[in-house]
Amino acid sequence: MNAAQIAALIENPPPQYHPRPQGWDDDDQVRDECGVFGVMGHPEAAALIYLGLYSLQHRGQEGAGIVCAEEGILSAHRGMGLVSDVFRPHKLARVKGTHGIGHVRYSTFGSNNLKNVQPLVVDYARGSMAVGHNGNLVNAGILREQLEESGAIFQSTTDSEVIVHRISRSQSETFTDCVIDALREVIGAYSILVMNGEEIVAARDPYGFRPLWLGKLDGCYVIASETCALDIIDAERVREIEPGEVVTINRNGIVSSQNPFEKKVPKQCIFEYIYVSRPDSDIFGASVDEVRKRMGRELAKLAPVEADVVMAVPDSSNPAALGYSHESGIPFDMGIIRNHYVGRTFIEPEQGIRDFGVKIKLNPSRTAIKDKRIVLVDDSIVRGTTARKIVKLLRNHGAKEIHFRVSSPEIINSCHYGIDTSNPSRLIAHNMTVEEIRDYLGVDSLAYLPIDALVSATGSPPEHFCLGCFNNKYPTQIPSDFSFRTPKNRHVDHSTELLGQ
Amino acid sequence: MNAAQIAALIENPPPQYHPRPQGWDDDDQVRDECGVFGVMGHPEAAALIYLGLYSLQHRGQEGAGIVCAEEGILSAHRGMGLVSDVFRPHKLARVKGTHGIGHVRYSTFGSNNLKNVQPLVVDYARGSMAVGHNGNLVNAGILREQLEESGAIFQSTTDSEVIVHRISRSQSETFTDCVIDALREVIGAYSILVMNGEEIVAARDPYGFRPLWLGKLDGCYVIASETCALDIIDAERVREIEPGEVVTINRNGIVSSQNPFEKKVPKQCIFEYIYVSRPDSDIFGASVDEVRKRMGRELAKLAPVEADVVMAVPDSSNPAALGYSHESGIPFDMGIIRNHYVGRTFIEPEQGIRDFGVKIKLNPSRTAIKDKRIVLVDDSIVRGTTARKIVKLLRNHGAKEIHFRVSSPEIINSCHYGIDTSNPSRLIAHNMTVEEIRDYLGVDSLAYLPIDALVSATGSPPEHFCLGCFNNKYPTQIPSDFSFRTPKNRHVDHSTELLGQ
Amino acid sequence: MNAAQIAALIENPPPQYHPRPQGWDDDDQVRDECGVFGVMGHPEAAALIYLGLYSLQHRGQEGAGIVCAEEGILSAHRGMGLVSDVFRPHKLARVKGTHGIGHVRYSTFGSNNLKNVQPLVVDYARGSMAVGHNGNLVNAGILREQLEESGAIFQSTTDSEVIVHRISRSQSETFTDCVIDALREVIGAYSILVMNGEEIVAARDPYGFRPLWLGKLDGCYVIASETCALDIIDAERVREIEPGEVVTINRNGIVSSQNPFEKKVPKQCIFEYIYVSRPDSDIFGASVDEVRKRMGRELAKLAPVEADVVMAVPDSSNPAALGYSHESGIPFDMGIIRNHYVGRTFIEPEQGIRDFGVKIKLNPSRTAIKDKRIVLVDDSIVRGTTARKIVKLLRNHGAKEIHFRVSSPEIINSCHYGIDTSNPSRLIAHNMTVEEIRDYLGVDSLAYLPIDALVSATGSPPEHFCLGCFNNKYPTQIPSDFSFRTPKNRHVDHSTELLGQ
Amino acid sequence: MNAAQIAALIENPPPQYHPRPQGWDDDDQVRDECGVFGVMGHPEAAALIYLGLYSLQHRGQEGAGIVCAEEGILSAHRGMGLVSDVFRPHKLARVKGTHGIGHVRYSTFGSNNLKNVQPLVVDYARGSMAVGHNGNLVNAGILREQLEESGAIFQSTTDSEVIVHRISRSQSETFTDCVIDALREVIGAYSILVMNGEEIVAARDPYGFRPLWLGKLDGCYVIASETCALDIIDAERVREIEPGEVVTINRNGIVSSQNPFEKKVPKQCIFEYIYVSRPDSDIFGASVDEVRKRMGRELAKLAPVEADVVMAVPDSSNPAALGYSHESGIPFDMGIIRNHYVGRTFIEPEQGIRDFGVKIKLNPSRTAIKDKRIVLVDDSIVRGTTARKIVKLLRNHGAKEIHFRVSSPEIINSCHYGIDTSNPSRLIAHNMTVEEIRDYLGVDSLAYLPIDALVSATGSPPEHFCLGCFNNKYPTQIPSDFSFRTPKNRHVDHSTELLGQ
């Protein structure tokens, strides 16, 4: 390590709130895409939302917001950073009311600023409303263009602002009907919460790409992206909101649950099982932890190998590695320990010293690695650069053999519904054969979990999943299907960027 | 002083950035209303705007923002607080480009948050635009209602957002024509800067309520609310922009100057001379310092008194007090010295201990006061509570006689064009006769400067001024003239409030 | 969960930088006690120390400091908080020089302020010196009293300040001899670094309670508490500094290594193996990870049980749990997942809602727990309150049987050498029999690892360890042996407390 | 102004808390040197000290601290910056007790860090004590050397730490006697407060260089550098503490007032009258404002000139300018208005653009200057660089004649007692004749106030003042009189530097 490397590292230390240390390389990971939480009729609405968002933090670490309504007046606070940083006690205390919604956000780098942090809140002809959205709209660009042509002005670059405009322009009588009007022409993924001074409307798109749960606490309804957010507040799990379902909650309980959209066969995002959701959540009808372990077991059956230990790329691959270990009987070990003392200001090192970054985040245990034949389990490979560095780290510490096992299939295409897997040209499996990847990683063997085994591990029928990133079959039209003129230049707002900057 | 008073004072110390110490009482002062600055075609556009805004700081201390355009892309930074706090060097460095506009804002307490800080920046069908506005629109409520009824959504509570929507909806061909369309139905005061990626459009309403200057630096045009902002960057003063004039500046210099609106007799705000503008500025064709001194001289002629010294309520009344001294030959003295070490966190003391607040901000010099017959000159009286406390302070320090002289007439009505003089019912001259006020203040004599003498001091014809707050004659319709249904509840956004909170 | 609980939690969220989630209860954990790092003769001394301290962060999270010397002038920066928070790049840049020392600090709550953060730096007759100390002095109180009686003044409440005074008062010729003089009458644990403008002196007490390593990088010597701090900078591991050894490093390399004190049989702290050191470090001649796994294996042999899964109290007990699993053949599983999104401002919940705190930090996976017979492995039990809550959490999630296994013996006494195990009266094993503890925890069976098996797992002879907290046999006199008058009141300094407060 | 100038200015804007805008040039001003405030027996001790320090802010803006004692325990908070920034409410609330002392500090740049902020607080054999000191000790170096030789260690670089050590080493019985012992061999200026858990001892050196007042509030004694600090809390002015007097206050009121040192003829610092003290204070038996006006009157008598207006270099020269105007009958005017919107982050511009700095801080009013014959009054000239720029500014705005009048004599030597007038070689009057200075400034005439007229304006006998900076006669030995070996290198501590850095 030379002086320039040291200096660059100091200048740009790794982030505290990085979801998984595996992904110290910005381009080499699957990104989460937002979580939502709502509560109706509870005197401590904002505090409950805070706790719910805290437990959904893994779905988005760039920004967080809460909006509550008190006597019809919406009050909001939003900020960049982790939930616990954005909502210091005196800030949370300002968000008053008995019903409200919250949001944690992940976004691509360029839009890393306050104006895009949700819930979006606006005033319009009927008062105020707020929107928190998990998912990605496929035809947002063309809808935005239409709105702009009729004079609409936009302050954010989120696709969700399109929905707000459409609600505002709906002439329907009830708030729920306006929301339904707004969503009717929207194509893509949404688990969305919309509120005004009186009601919360929760909707899940007809394919049900993203999860959405209904719960109950002290007689009040709560809505959350995952069950872990119900568990943290000891809320009862009522049921998953159905794909295509629109639920309206007012202070008297559930007023309406309707399915206003054309009925579809669900196409749930299988990446929620593979990587996104928290292992202690139940989604799409099964335990995430259990499904991941079954993936590992399937992998052990289909790609067995003689070895001394099974290790996981921490932490998200732990369940799959445990499954592999349990099925194969090869002992599980932790040869690479994640460093949790990263601190709030550590940010990404520059390209030139990325190999060094591994050592900042992962502490290899020599005795656990040296002279061992290792099965290294990862939940997915995006670009492969991180995996390659970990392999190198293990080799440097004396690993005898390394057998790489991936508990999901080769990612060959982008997701259009809210998982950021980067441009296809940067996906290693888009460009290389498995053998080439094995060679690139420098491992003794490499195996992926085939699609059918993956689906089988979920316990659900294969037609219930979107597998677009693996098989290039997308349930909806995708952006390239829409004629869309070059968008106008969007402005950049530097106001109140990342905390402390 | 008891324990509770001490505690309250510590909790709520007076602000660093209060324009004048006289006004430690929130309700008892004239409020400034925003300043604007723009520059076209200079490589250091953001830095020049920063300096310009710094010198316009007296026009608004609550928030500041700068937007610049680089190759057609607008980038912005806005924040709560003083210009020098909002724009730390690394923040300013992010706002890149060769043309841009800036704004300093004053607002009423309730809207004290980031979303209202200007320039407003939005994306719309033709790209991006930004607006910085000084003044107050009379019919903003009815225009907003019309826009909302056709589906528009609002993110701020500023009247200026109405203009942005109207520009976006205009079908005219050029950017300037869209701005003119937007302003055509607007009634009220505006000295406004609008920019997109290519041009800056500067407009002053047909009555010319607020000042607006055109200058030139290194061959580039600059626009500023007052000449002091041209002086600080050594820009040449070209001329005042005319009432009703719309100036379009592109990178080739001034392309057009037009007067598209119905011609009016100017109704310039005389309070700019009395209090708002900086004394070293020239506006409406005269030096502010000189006009204020003439007001003092007129006062000395019309309301002479035998006395030992002339004192000013610091700092804004200094020129008028000097004029009184020069005309009368009574020596000027500084018996009350303003404390400039207030610090950034000192905010307003509570009602209960306001008398104490005087001592925090004003340091009376015993020897200058004791046994003296004092002419105390103030530029205006709003509620009178501050004046009364200063009088009491002087009495407590042994003043023998106090003759209060006000260098403007009695304020009997509200301003609708951007000066916040509070509700008429709280104006002392709305409720009391001069003799009653004299008694309330506890002074030996009291005199105001009559309207004709005030106008005479300006050197301009009386019909060129709006004197509505003194004579209740407003040049335009006022808000009560518009049928306007009760506005919907507006949401409150606590994101990023006052620095450090 | 009621409103008061929610409010208390928001007000006092759990800390980001807590070493192990198991220990959310302040009184119920073993505390680490500081780490040191030094480098001589490298142009990037401060940056290397920063990285070294970063990797020693687990030894102290309350404060950090670095002192470097450039041309004989010492410059320092110290602050409260994590290394990466204290040393933002512009702060680190100010600490200039080619040799220096650093320190991470843990302390009890009352002394939680800047004045106690090390390295201590002072000026004295021969120039400046700095001291960083890991360990605890037994006779610091009586030495301080002696110094105060001869007129010494103290600014900190650390025992280390006693050493500084003694060095300053030594009349010996060389810096090293002054340090030796200072340490000669000191009783207790110290792995200490002392520097002046020319040299670094590293000393380890004759019993060698705490580890201390010598390494080499680019021809320069470095010294670190653990090997993980050598590994992070790719330094070569030269050797452990011996108990009782004093090493002096100047710019020409090692000048002297001497053993000036009376020779003792080493009494190394066995808790370094059990809990304190990082698993990827080698100390006292063995791999920490390996020793911990052997402890787990011993436990499996001595306290076997029929069960479905082995689980660890995360994260420090993982190696022991893996060892248990490997030996017993019972599959290892992760039923309790640690939440890593704590954020910098989360601090401890109040006593009343501590049960709730478990759910903030530990996410139980239902499917992994339900109907399972679980072996739950913990590395140690202090008060037992946390263990009890985790047991309850597992029960609530359907665990069928819980067999608690502790990979160390019963802690029955306090440590006097730098491990904070709290007052003996609060130690559960000081007050209860194993059966009573089993009952208190609510588990089906409970077993501790006996002392001889513990020692056997280390591979070293039993007489080489201090086992005082297990067997009440301390190698040295302890504080109660010293006649010491009641200490005078110490002052409290609130300057610059925890970041952001 | 070019791009580099703009950038440099942005990077280094002028400070909010600069005492006087005249002195934007670091080397070209007289520096203030600390203020102290103490209170005994009041339940709101810390709050009263806060207010007292706030009103003494002009005596030091670099740091502030308060120490209070509650039941014998001292608690402290100190920080860099203005009183109102250092003591946010939650910080002040931590400093508890019924008696205490506070300090505001000015220091030279190199020592600009927390460790030097007073009151110094230490523990020693008899408990804790704190010291706040205004003034400068002449023989601190030699005393420090003696202390270091006997083993003392130093943490600050203040001369005041010497006093703390000496108190700690005294063997006298009472606290007061220890303080007297400590001060007996000290030579130089001190108005000092020393406290322990029971008492406050206030002492003023035998020459009485710096002021010190005793007051009373609600039956409790308070002590302050100036009367303005008594006035702000409505305390009764009891009397000035005499030169050489030592006052001990315990909870029963004043226990002792003694004059233990050899009696001297007072040598009060005349610069307190000229510049340092606040005009509304009474010190050394007279009103500061009144004395300054008399200086101006004397100047008008001795150096009359035919002119149109009298102007002051704001703000400190205002009283002298008013005196000149009153005596001469030439009208006073404010041609240069100080800008008060500086903001907390504005710091000094670089040498290259200093001329620009004048415009940031001073706003010239054209009409007041143009074609005028101006008498420009300044209270003192240090290097003359600022005065020269102001003259240039006036010339650029059309001044016809400029007659510079200085209300004090030529400064030809350094002060050794706490006023920082920089090195003699940088003093303009040390190097130039009056005619040369006139030429350098570019003024039509120049006159200083002679020493005898200066003294006469005070109303006190000439032998009662130290006039060393004017006549090179110092009442005590000065540092060059002491044989003093080269001091050892002192360490630099960057911990917690200026707020926000």
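Read from first to last, the chains carry the letters A, B, C and D; within each, the first residue is number 1.
As a convention for this text, a residue touches a chain if its C-beta (ideal position, glycine included) is under 8 Å from a C-beta of that chain, and two chains touch if they have at least 3 such contacts.
Keep in mind that what you see is a predicted model, and the values were worked out from it rather than measured.
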item	value
Where subunit B and subunit D overlap in contact partners, by chain label	none
Count of contact steps on the shortest path from subunit A to subunit D	2
Longest centre-to-centre distance from subunit A, chain (CA-based)	D
Whole-Å gap separating subunit A and subunit B, where each centre is the average of the chain's CA atoms	48
Interchain centroid distance [CA atoms averaged], subunit B/subunit C, Å	60
Distance between chain centroids, defined by C-alpha means - subunit A, subunit C (Å)	36
Shared-contact residues (touching 2 or more other chains) in subunit C	none
Chains grouped in pairs wherever the two touch, ordered by label	A-B, A-C, B-D, C-D
Residue ranges of subunit A in contact with subunit B within the complex	65, 67, 72-79, 90-91, 94-95, 114, 117, 121-128, 130, 145, 148-149, 151-155, 157, 164-165, 168-169, 197, 488-496, 501
In the complex, subunit C residues that touch subunit A	1, 3, 6-7, 9-11, 13, 16-17, 43-44, 47-48, 50-51, 54-55, 57-58, 61, 82-85, 87-89, 92, 228, 231-234, 278-280, 282, 287, 289-290, 315, 318-319, 322, 325-326, 331-334, 337, 339-346, 359-360, 363-368
